[in-house]
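Labels run A, B, C and D following the written order; every chain starts at residue 1.
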């Protein structure tokens, strides 16, 4: 393979000698280990590793490499994924009426902070088309037929497949996707929920936060699962508020939390920092060179 | 009255000219306004004021003063309370097995940070007696008879009345008090709940936080009402956590949030910074001289 | 004047009866007091008020109103400013190479979060022109002549006056403005500094934060004064970091703090929430209707 | 050795195959790796590892074990330390007039949160003796002779050696220790400074924070070095403040940050989570079983 950085995400039942076995393998294949992050969940007896390799000094090809890795992975019951830096993932952003997360993601991608292609913006409304167009990104308005939501979902799926989408971002998309749709993209849909889950699941969290008189509001980025707002949490943020806040000011304060939390979660995903296990997200810190 | 600081807490329907009417009254009676904090809840059309007065230059007596204030308060539908600095409030602390909040409150009172008398510690267990005794505070162990909880509550009420208790602090007291008991002390019971409400109401919040995989944990101090964990929130705190945390480490991290949040809430109460309205707490900032 | 919201910012030496005198005046002139926020700095014997008035029920004209107010203000040594909601302030944004704050402000203005006109972007480089153009805002590239910086500053001043600019925002503008320039716009220039001041004043704060091994990084929005990074602080934000961070990742984390902190500070300024006194900024909370 | 948990802290120049070499060694000696945390500082080409081993299945003795480890460590230029859980470290706490950190540490030790013996409290004043005595800890009042500070330091050193002290905690000790004293205990003295360093180094940080008008205050726990307030930072905390704060209220708010930050730093030290390199502290997260 051409010289690049290769990132492995590994999980398996914990067992003696794992670190040595895995790192020895990469070492012998001629890779240089740039960083090796591990975590053991003792309560659940699970082992997690994120390892970043430089392929500068190896001659092995991708297929050969993965085949060989499979041979050590299978007996250890390792589940794994690998990301090659030479590949740039494709994103689709789903939106409805609210623009702040959309702006934020388009801008970060354009400025090189998010290493991905934003292939399209999908919405059930026309409203945000001008924003996508400012950034030169195709905008697909696909209204929902309330009598049969599956029609719109089928249209979306077609677009996703045509564009070889790797990650779907629900950037305040106000439609509930069917279990059928969501199960098709496991750990490939990131949603931003505008509360610190599990508080205020469901609709109108800021109004409910005002009514409950909370002193903190927040936002949560999580992988979407068929159970609404119950998927693995990637990142959460909060901000202090006071009795001075109204539902409207909470919404403004919250918008800033949402945009930051969503962008952080997407960055972690794109940099292969996340391993999901037992509906919880292990999120390794960024490792910098 | 003798020279001292007098703090009024006022709430009423919002109406034209309120500030001028109320401050004029204090001004004419010879008080100096040290600080006057206001808040208008426009959505609920309610007006709130906290005003701190110096009585150094007035000759008026307490009874006369309050009678006169009542005359302007009644037509304006003002609900109010007044605190004279010459009076030191009496506290009772309720505990079960967990010691960190108890230590914290005893120490803060002793060091002069909480301006109150801690008259007693009440528990359903013997365990924490040595701590109360270190600080020279009477400890009453009143076990709960599960067939009839009202027996213990009657014993507690007798102690509270004998000791003229002004504020009850549930410092990780693990019994659910009856509605009967709680309604007897409206806005006079502060509870610390070990989660950022409304998330994880009820039992075992740290275990549930671990299972949900949250990236933030918190604590909430609130006035106890007959609805468990639903009373007006006074203060909340949070701390970031990661996948590295276990229920045990979450409990340790949480203990520090609990102690700080509870102490802040009690201080706000003792300094008459809180007005409750519509199950929400208006908490005015501390004003310093 | 036409029905609108009028915001007064008032400061003066503290003295008996101030609240009553000022609020009585507005009351008698037929204004409805929407909110009245006060703060007394006891240590410096200064009184601060922010009062928002509805002019719906008054017939008085602006000139007449201000003349009358001056009559009560002068004997009380009141310094004041007034903002009429019917006027939309004009902004100029100064930038150099870094785009995140510029994007953020342009977007917030466009989405109606910042109530102002962004009349121009000024830079010493061409680099960010495409961003201003995306948003349809004029971009002036005015390179600095190092032998005589005053030439460029004179060009800028001309532009500012032509465009009747009310607020200058230094959104990571990497030139040091002359005392001459800055003193011309007192409390009218907001700068974002990429550290939690007073730590890391001056150049390269992220590199120095890395070298010092801090566990928190931050950003500070302040009014620019002739003393570099010494002006009144409006808002600060921080984020936790770990040893995992490099100067590069600190810069990315910091960029998000900067954009949020700068936008908050500008919003506070535009909503007339800030009074400066003794090089410190009193920032009243937002009051919502 | 008897069955226990053994924690290694390792640093060395980064080089190929390190992970495999080190973990293989432990693996072959019959240890079970409970957790293996690593960090590579790419900019400084340094490798850091914290590895926790269970000795349940090994027969090797301590001396033999360490001798063998030395053989692989030396060629790799590894600097290392090892902690055996069977040993409980001895602490000395230095104080002056301020009590909150002292209370906090005594209580945490007593409640089993800090796994150490607190062998003594040393002070230059009598004031806090009653607190040490409440907790049954010896209190040594050693006043400073201003004409020759070294006399008191010599007395302290004698006490420290008699009591085999492993860690000195400066819990708001208001004397500046000599370079001579400090250099004797490298990475064995933890100080709490009452500001977020590098802001407000030196005296009176809360007063200076008030005067600067900051919107955040903080505290910093660091290893003491001969350069005052310049040692490696272990932990920092902050709290938001407003213009309402006075130097006195800042001091109260700050006290809570100080106690939490200091306790966290000591816990990290006692649990062998910290490796210092190039005046920066690598702090590995707690790993729980």
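Here, contacts are C-beta pairs under 8 Å (C-beta built on N, C-alpha and C of every residue); 3 or more make two chains touch, one makes a residue touch a chain.
Only a predicted model underlies this, so the values are computations on that prediction, with no experimental measurement involved.
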{"item": "Proportion of interface numbers common to chain C and chain D (over half same, under half different)", "value": "same"}
{"item": "Farthest-lying chain, centroid of Cα atoms versus that of chain D", "value": "C"}
{"item": "Computed distance of Cα centres, chain C from chain A, in Å", "value": "36"}
{"item": "Rounded Å distance between chain A and chain B, as computed from the means of their C-alpha atoms", "value": "42"}
{"item": "Shared-contact residues (touching 2 or more other chains) in chain A", "value": "39, 42, 242, 244, 246, 287-289"}
{"item": "Touching residues on chain C, where the partner in the complex is chain B", "value": "16-17, 19-20, 23-24, 27, 32-40, 42, 240, 287-289"}
{"item": "Residue ranges of chain A in contact with chain C within the complex", "value": "99-100, 103, 107, 111, 113, 134-135, 242, 244-246, 248-249, 252, 255-256, 260, 263, 285-289"}
{"item": "Complex contacts: residues of chain A adjacent to chain B", "value": "39, 41-43, 196-200, 211-216, 218, 232-238, 242-244, 246-247, 279-283"}
